[in-house]
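In the two complexes below, subunit A is the common chain; its partner is subunit B in one and subunit C in the other.
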Partner chain A sequence: MPGATLSRWTMSYFAAACLFLVIGECMLAAGYGYPFETVAAFGTLALVHVLAIGWLGLLMLGALLQFVPVLVAVPLRGERLAGPTLLLVIAGLLLLLGGFAALAGATTLSPNLLPIGAVALVTGFALAAGMFATTLFAARPLPHPARFVAAGLLALMATVLIGACFAALLSGAIESDLLTALVVRGVPLHAALGLGGWLSFTAIGVSYRLLPMFMLAPDDVRPTTKIAWWAGIAALGLVAASVGLAVIGPSAMAGLLVLAMLLTLGLTVLYGVDAVRLYRQRRRRAVELNIRASYAAFVALIASVAMFALPAMRAAAGEGAAALVYLFFFGWLSGLGLAQLYKIVPFLTWLECYGPVLGRVPVPRVQDLVSERRASLWFCLYHAAVSAATFSLFMGSHPSFRIAALAQLAATIALIAEFLRARNLSAVAAASRVPIGVPRPHLFLPPFRPQE
Partner chain B sequence: MEVATNEALAGAIREALRMIIDPELGRSIIDLGLIYDVRVEDGGIAHVTMTTTTRGCPASEYLKEAVRNCVWYVPGIEYAEVRLTYEPAWTPEMMAD
Partner chain C sequence: MNPASAHSPAPRELDVRPILKSGGEPFQAIMEAVSGLKPGQPLRLLAPFRPEPLFKVMAGRGFAHAAREIDGGDWEVLFTPEGAGSPVAFSADAEDPEVWPDPSVHLDLTELDPPEPMVRILSAAEGMQAGEVLFALLSREPLFLYPELAKRGHQWAGNFDETRTTFRIFIRVGKVKA
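Take a look at the complex of A and B:
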């Protein structure tokens, strides 16, 4: 039967991702990294990697473990690698953080932790990309959403390989003029490939499948979707070409990057048009909270990319356009991630708990595992806090940034508590909470018994 | 006479399948139009052809198994065969209003 089964490790990835999000937001609220240090400071680099690898990277890998088979209706290849991959990525990230701490002056740690961590990260992400790529390869010709994921995987590997070059050079393990040129000019490209190519492109692809699925909207491929795909691929290609130019011919980089930015703006607008069309054509009248919160993330995406395209706004956004990167990271990517977790966690919990007894006893709906009224408050608080933090970065106001970051942390913890409540089946009436013969799901560890 | 009995059994199966809900949409799989065909042959042999809202949905196997169990418990049914198909693919237009 073509199809997908319940991913055993997805919940473990999600738990680790949420933990790193909380750690990262605690660092922000505690005054660690930018804007309290420079963008290039080792504290900022540590913070950025906790959030980009620990939070969004693990979240995306966990989601893909479950949804790549849904995208292509082919079972996941090499699923047994999911556990080792999780350990390798976490270990690699911790080693990387140790390396940054050493460079920042922690004398008990060695800078050599950086390249060791990079090797673990490259291996972990390569294993993950291998699982997904072989699954996608088996499903050719790829449906449109899966093409975005395939391109995202290429961007992921480019990002981690460039990162590994940085790690080798910064630690002093390798000395090379070419690598030095890459570090001097390549950091924005590393960030663009990671946040734009890997995380955003993949998220856009998955959402082209999930939005019609959750809203019961037509999932036919429109001209806007096709043009969005080509615009995105062209932008990615230009950024990848710029990586080469950073080393051999930096004078031509600026023109390519302006073009890549305009293509990204085009992709974003077309994606927004598609999202509005799907919303209008939906057959499901009631729009659930995960969808409403996703649309808040789309607004953050369009706002951050549109402002980034304006040189004056970019200049006003602080060092490295930090305010806009913040809005992109927390408003768009993290906002979408939290919104989808709010649906995926109860959905997987439902499958684990009630799937085996469906048709034998009355079961609740997935929606009965959550309380939207309370969670909608947390999503409102989260997006208000992200907006306030972005505004504070524009204004250069450190105290108000810390207050906003604290509010964002509080909203995040409240949302994670909602995920845990769904996992614990707390909203389900006690009498029908756990059917006879079904083990209560583990909070975040995979089921030890093989799936039936 | 046997034909009428088989049709009555098919009707009983459809009625029994109303208790199975699509977990995401919270509506019965009958109302959603996920059951494409129910046929009963002499001897209480039931053939059900069904689909799911999304090809590759992780709930597919659970829904198929639920339909098999449910059909099996309809009085007069001796054997149940359930086939999952995506030809034609389900569309929201197949839902009952």
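Take a look at the complex of A and C:
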């Protein structure tokens, strides 16, 4: 039967993701990793993977478990794999962190944890990609937003497999000149495929469906959307081709990557044009906080990509253009993620708790589960802190970076507290909080009773 | 469920000859009949002349026409929805939606924020008798509504209109209420 049911494991993914975000931001505020160490230091690598896999990776998988069926109006295939996938990704990440610690000098740990962790991560992400790919396959021809997700899944697998090659080489498990060439030149490609191909491309696709849904705007496919898609696919293809060149012919890489960057800039501008058009054509006059916060993330996306395209800005942004990567990671991807969590968590909680009694007894509205005034303060603080941290990285000022990172951590914890309040139905009057006969939702564990 | 029969429901018939005979204007009656068509259902129109201006109006709403002269110089026109690209979705237990009674409740929910349309539909269904049919217009396909309808024993059939901007759903209230 068509339709979308509540994904059992999504809240567990979100909870784990938020936990890793807090851990990562604590590491930043505590002076762990770049800019206190080099970009290539094992501390920085550990920090980056806590945030990229633990926070954004799990967040995106949890969101896709719920929204791939909504994108294509087909039930999720292989949903029973969602629980094992979560465990595999968390276990793989922890093993990976153990491996980095061993390389950094922790004598009680073995560098062999790196390839073991990589195997767990490859397996976990492959299971997830398999669930989503078979669901998408059943829904061909794919609607436009779903194509972005399909391309994002390919980029995910490319990212994870390249990462596994790194793990094999760094741990000393395998010695190979080809792999050494890949590690020497392939790190930026691994990052571009992960943050750009997997996370951004997928986020863009999902937002092409969610923005019109939340704003009551027409979700027809415009020429801008089509060109954005082709620009993105071409950029992804060029980055993927560069991975091969990194091994066999590195001299040709630079030209391809400049072209990929220009295509990415084009994609970003067209996506921005689409976002503005959707906002203007919306039938819903009052715009909710999750949408306003999403537009702040779009500004961060366009700013970071536009500055990245300028060689002078890239050079001024520190080692590996770190300031711009920071803005892209926290302003765009994390900003969008937190904004959407602010909508998705109350909505799924509302549906889980009140769906069974809708129409039979009066129920609160979804909006009654949150306090927009308080949360809008936290979003403002969050984006102000991200901007200040980015600026500090440009200036090379470590003390001000730590203060900004601390403010960002505080805003993040405050937002997570808002998600918990929504999940606990704290804003709903106690008398009407949980209808008779409906079990209270678990905070983040899946409902263990079988779904009807 | 019988998808074959459900994909080609019997045409609804509208005879505008009596309206014209009594000096009335049939346009509104025709448009009401068109709005009440089930997904994929054709309209058979009987008129005392070949209704040329109507062909363009109906084409604009996504209907092809086939006109033929019948006895007495009257005309029969079959308007068939060109519903390509908007297949009809059914609940697993929807038997022969084309024989469902005409809707007794009509809801236009196109301007409501989600999930308000879902709340309105389920509330309206609570107040209806088993076997009665509710018709609603929505701006999205109500994917989260389907499982709630199924749990309550309601059957449904729905699809997007030809412009893919409005989703039309017929819901037959179930006998068994959970």
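In the analysis below, the second predicted complex is superposed on the first by the 451 of 452 C-alpha atoms of A that agree within 3 Å, B and C clash if a C-alpha of one lies under 4 Å from a C-alpha of the other, contacts with A are read in each partner's own complex, and residues count from 1 in each chain.
Please note the rule applied: a residue touches a chain if its C-beta (ideal position, glycine included) is under 8 Å from a C-beta of that chain, and two chains touch if they have at least 3 such contacts.
If you're wondering where the values come from, they're calculated on a predicted model, not measured in any experiment.
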Practice task
Could you check whether subunit B and subunit C clash or fit when both are placed on subunit A?
Solution key: clash
Practice task
Could you look at A:Gln66 and tell me whether it touches subunit B, subunit C, both or neither (first, second, both, neither)?
Solution key: first
Exercise for the section: Look at A:Asp220 in the shared chain and tell me whether it touches subunit B only, subunit C only, both, or neither; answer first, second, both or neither. Expected result: second
Exercise for the section: Considering only the touch criterion stated at the top, classify A:Gly359 as touching first (subunit B), second (subunit C), both, or neither. Expected result: both
Exercise for the section: Check whether A:Tyr13 is in contact with subunit B, with subunit C, with both or with neither, and answer first, second, both or neither. Expected result: neither
Exercise for the section: Please work out whether A:Leu351 is in contact with subunit B alone, subunit C alone, both, or neither, and reply first, second, both or neither. Expected result: both
Exercise for the section: In the overlay, work out which of subunit B or subunit C sits against more residues of subunit A. Expected result: B
Practice task
Touching subunit B in one complex and subunit C in the other: list those residues of subunit A.
Solution key: 1-5, 69-70, 73, 213-214, 216, 218, 283-284, 347, 350-351, 355-356, 358-360, 363, 365-366
Fill in the blank from the handout: Within their complex, subunit C touches subunit A through residues 89, 91-92, 111, 113-116, 118-119, 121-126, 139-141, 143-148, 150-151, 164-165, 178
Fill in the blank from the handout: So, in the complex, the side of subunit B touching subunit A is made of residues 19-21, 23-26, 53-70, 84, 86, 91-92, 95
Problem - Interface residues, subunit A side, partner subunit B - complex - result: 1-7, 66, 69-74, 213-214, 216-218, 283-284, 347-348, 350-351, 354-356, 358-360, 362-363, 365-367
Fill in the blank from the handout: Per the touch rule above, subunit A residues touching subunit C in the complex are 1-5, 69-70, 73, 213-214, 216, 218, 220, 283-284, 347, 350-351, 355-356, 358-360, 363, 365-366, 452
